[in-house]
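Right, one structure below, let's go through it.
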Amino acid sequence: MYELGVVYRNITRTNSATADALAAYGSATVHEAMGRVGLMKPYMRPIYAGAQVSGTAVTVLLHPGDNWMMHVVAEQIRPGDIVVAAISAECTDGYFGDLLATSFQARGARALVIDAGVRDVKTLGEMKFPVWSKCISSKGTIKATLGSVNIPVVCAGMLVTPGDVIVADDDGVVCVPRTVAVQTLDAAVKREANEGAKRAKFASGVLGLDMYDMRPALEKAGLRYID
Amino acid sequence: MYELGVVYRNITRTNSATADALAAYGSATVHEAMGRVGLMKPYMRPIYAGAQVSGTAVTVLLHPGDNWMMHVVAEQIRPGDIVVAAISAECTDGYFGDLLATSFQARGARALVIDAGVRDVKTLGEMKFPVWSKCISSKGTIKATLGSVNIPVVCAGMLVTPGDVIVADDDGVVCVPRTVAVQTLDAAVKREANEGAKRAKFASGVLGLDMYDMRPALEKAGLRYID
Amino acid sequence: MYELGVVYRNITRTNSATADALAAYGSATVHEAMGRVGLMKPYMRPIYAGAQVSGTAVTVLLHPGDNWMMHVVAEQIRPGDIVVAAISAECTDGYFGDLLATSFQARGARALVIDAGVRDVKTLGEMKFPVWSKCISSKGTIKATLGSVNIPVVCAGMLVTPGDVIVADDDGVVCVPRTVAVQTLDAAVKREANEGAKRAKFASGVLGLDMYDMRPALEKAGLRYID
Amino acid sequence: MYELGVVYRNITRTNSATADALAAYGSATVHEAMGRVGLMKPYMRPIYAGAQVSGTAVTVLLHPGDNWMMHVVAEQIRPGDIVVAAISAECTDGYFGDLLATSFQARGARALVIDAGVRDVKTLGEMKFPVWSKCISSKGTIKATLGSVNIPVVCAGMLVTPGDVIVADDDGVVCVPRTVAVQTLDAAVKREANEGAKRAKFASGVLGLDMYDMRPALEKAGLRYID
Amino acid sequence: MYELGVVYRNITRTNSATADALAAYGSATVHEAMGRVGLMKPYMRPIYAGAQVSGTAVTVLLHPGDNWMMHVVAEQIRPGDIVVAAISAECTDGYFGDLLATSFQARGARALVIDAGVRDVKTLGEMKFPVWSKCISSKGTIKATLGSVNIPVVCAGMLVTPGDVIVADDDGVVCVPRTVAVQTLDAAVKREANEGAKRAKFASGVLGLDMYDMRPALEKAGLRYID
Amino acid sequence: MYELGVVYRNITRTNSATADALAAYGSATVHEAMGRVGLMKPYMRPIYAGAQVSGTAVTVLLHPGDNWMMHVVAEQIRPGDIVVAAISAECTDGYFGDLLATSFQARGARALVIDAGVRDVKTLGEMKFPVWSKCISSKGTIKATLGSVNIPVVCAGMLVTPGDVIVADDDGVVCVPRTVAVQTLDAAVKREANEGAKRAKFASGVLGLDMYDMRPALEKAGLRYID
């Protein structure tokens, strides 16, 4: 359930060094580093290809067809933040366009993640303001009903608490809770450490079957080869 | 994000008198009584019509195609509970059938709410064990990977904390947080109090336009009648 | 495009004898009688099985999450009408429940057809007030924005002009324009006339291949039988 | 790929004793007995609840919006058959209604499984002719293009070869290849043999954790209980 | 309902100066200028990014899997037109490819808007012939059944009358009725007039809260700030 | 039904000259050349635009959330192959990323076609390793359950037998059975032969109505022109 009509001004953000460092590892590696959890649903797609970001979450809860709280959350943005917008019921309207993006960018926001639609996507691409959204829609919204800012929200199936780290790229969006951000970064660093060596082996033709010594386990599981 | 491989044995359940009393009001009224929040997504449907229940949530996090933790959560059920099952990624498999239902029912569970599929639905109907699910599927599952029991989970888009109250009927499923259960029950009681009078007025032909005195506001908003 | 903020009080309804007579033929036969057009999309489903109705359309355009105009349209209902509700953008909220149904029924409405959600479906079934809808949802709505009543609307992909005939049953919903209602009824009557004879032949084991003399056309098209 | 414009008259049906016996075990048990394969996608739903059938598959490939071959397949039906209808591209039209059902039933067909829509569902229910379909739709079809009868088809994601056994109930539809029908029946019989004993134990409050001796494996996997 | 088998040769097109001028404002601004109506559903997507067009609608009604009328509508195209194609039931087939695009382009068409699939999308991109469609599919169609040309159609949920203006870009597709095209253009011009000033203010860090003087209304609605 | 736990090492691949030559014609032409069959469902989309390939199919059956067999199939790849991956139930997880792509590419694979998700799509694009998939997802998989390699599989609704030819481009994916590959290539060559001439005619303004001599058939079907 959501607390309505409140704006929490003081949230505890993940340390910026940690939050910033996670971007380089990408959503897939970070998700693996957390134990294969934390991903939003795969319908969340970037409005243009190639962006890869991380930052601290400020959250906003909106109602269907109403983007009033987008202006309220703008004031709570600090440099390095990513705005995470949840809606209280399913909606495909376009809650966000180039003017709000200009405002968010001026406040230091790095991206928007929204479980609804956005518009002005060509201009957003020219501005290099990345958005991950459920859809793209010209449909405008009204400003009539209170939601909340910086409460925990469920966005695309994932719980996001203000101050958590968001990592987003072409593969999707992952939320790293503040309490496990440091250990997740450590685990991501370790995962990446030997990726180069593995890639070189694969490129030389070595099979995963041999590199990971899978043959005994496959045989034990009963795999039969038939000529 | 989810904590994996843990079972919380001691959870604080909502007072049973409150939890039990909410059933009579149904999901629509209870959702209104909370300020129009708390609903799971409308793809959650009952496997048979007519059941209307409430109870305290015990939660379980499962992985795609793996129902191992269903047996772990069974042990944590107390009479009056409703099991809420979330999956770590989208899945339509049939996690639950008549044998598990027999076990759950023997432990005192009143219902299952699951963001995936179930099977043996004819037998479940005969047993009068209600289930709200995303789909129905014969597809079986394996028992290989640890999830968790009694952690907060996101089920069909809604955060459920163990001990919260679940209210479910033909209209859908709502989660009432433990901390607001009493006030929600009070609000629901008040909402219902004058429903009978309203219904009688409507039945006699009185219009909502007059009963709720909407005409001035509609006129102010600019509504024009054209003959 | 839609004209907003207007209520047309005087609409030309299809002759009631014609409108009433179409129910008996059902949506499939009526759709065939019109030349295989006029159907709403098949996601429109009845909230309970077995209802089969026809009536004259009064229309209402609503906005996402806002059912204010439902009260406005109630006043325009006359006995024998079916309310057709369109939404200006996709929405699954529950716009209609037992109180409004009581009001609609008191005004003489035979059914509701709505391109969104409804609630209180158990009670609606007990009241024998049939609804065809996109979904079922407890989600409540607000009363804030003007739509219109008795303008032409697009409901579930089909254009409905006030006064047209709506025919709905377990197979779906069809709209018969007022201007072709009489000829459609005539065509439906003719279609049904020899259904009994056909059914008896099929029941006796005669094949459609022979009854409709399809073998020459199939052979000409190149159908080959292989033993 | 599909061979078009052919009707295979002689197919090798699974032995009728085997085909008939599988119905009693239901789609979930039969699917488990095959090693958890063979299911059609869960969007295939019965048009009325409670039917549970098995029979030998006769197949038909149709084109979008064209049910001509339905009349061709009718001639190939023998008592005990279930017609399996695939479409060459996605379509929701109503390919089948009460007249064709009368014909199919007269020929001895037990059911229809179709990856598209059907209509006249109220009458089909009264006739007790069960159908599993993707949807229900009044939309009629034309008779213009050749498909094929009794070729292997893909229906709702599953390959069906003529003569295979189809098992369908409220949980879904499973296809048992003729070559493994006997061994699948044996395995299903064994699976069911001790279900009664298990159910009694569950009903008495014994947990699956103990009945299946899961505690050591869960502990080994690292499950932690927290008080 | 649709009139079948007719081609209206004389339609009243919106004045070309008005129709042409709307392109510059884009679908979002034009939709707002009409009072937030007129949009097709957001599943309509461009086959390549960056196109932004407007033009007068010529319409065509097609049947599932049949593109015969595409050749009929080609003859009715005049320079500056946009073809709007509706289908009488849901279909994902590829109705249109590079040859038809060459023909349409030679006749002066600026774009195609189709509630179904298209193919040869790489070539269409190279030809700079923009298409907005429901999907992309190689699936071919037949030429067997009559539809109509230049009748009012429902495309992606929106009524389009021949001669209306279509405005399409990366955000979606909007239909501006001929009767309101001039006033819509005026309103769009006014909306855009002060966009530059607003953008500059947002870029300098001014908040929407202050620029639009939202704080009193938010306070009145009960918004609480919590430190 | 699927045979589980087997790897067929010796499959009969389509002659490489034929398999290679089909790429140039693209999925739409090849599908037409086969008689308008053979296409996978249109939800299969390329992860980047512009790739156009053909090759011989090696197949793999995977289980939901488990990519173990991806390493097994890698060993069976020969230069010129395209891997076709089917899943035993619906799943959106990311089964494949840059490391496996490096391995597949080193073995000579030209592409992957998978009825599930993939990740590392930016890197895959940089590597020029094309993938057609149902979705993109960071979600990782486990390695626990046996599937099979080089058995016939159903991928996105189409049966694929090992050794068949896969043709994929921006329009979709088509499977050409080995037994009809030569005749399909011949038919494709013929279809393309006069495309240039047709395009030139269309570009000069000739209508399909005249080029294909459609006017008599349209008139016979009853098409009426109204001025």
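The letters A, B, C, D, E and F name the chains in turn, as written, and every chain counts its residues from 1.
The definition used in the following text is that contacts are C-beta pairs under 8 Å (C-beta built on N, C-alpha and C of every residue); 3 or more make two chains touch, one makes a residue touch a chain.
Just so we're clear, the structure is a prediction, and the values are computed from it rather than from any experiment.
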item	value
Pair of chains joined by more contacts [C-beta pairs], B-F or D-F	D-F
Subunit E against subunit A, contact positions shared by both copies (same if over half, else different)	different
Cα-centroid distance, subunit E relative to subunit F, in whole angstrom	31
Whole-Å gap separating subunit A and subunit C, where each centre is the average of the chain's CA atoms	43
Residues of subunit E engaged with two or more neighbouring chains	36, 39, 42, 89-90, 92, 139, 145
Pairwise touch network: line, ring, star, complete, or other	other
Which chain pairs touch, all of them	A-B, A-C, A-E, A-F, B-C, B-D, B-F, C-D, C-E, D-E, D-F, E-F
Interface residues, subunit B side, partner subunit D - complex	5-10, 68, 70-72, 74-75, 92, 94, 97-100, 102-103, 105-107, 117, 119-122, 135-140, 143, 145-146
For the subunit B and subunit A complex, residues of the former touching the latter	1-2, 4, 34-39, 41-42, 88-90, 152, 154, 157-159, 175-177, 180
Of subunit A, residues touching subunit F in the complex	26-28, 31-32, 36, 39, 42, 45, 49-50, 52, 169-172, 174, 195, 198-199, 202-209, 212, 214, 218, 221-227
Subunit B to subunit F touching residues, read off their complex	63-66, 89-93, 139, 142, 144-145
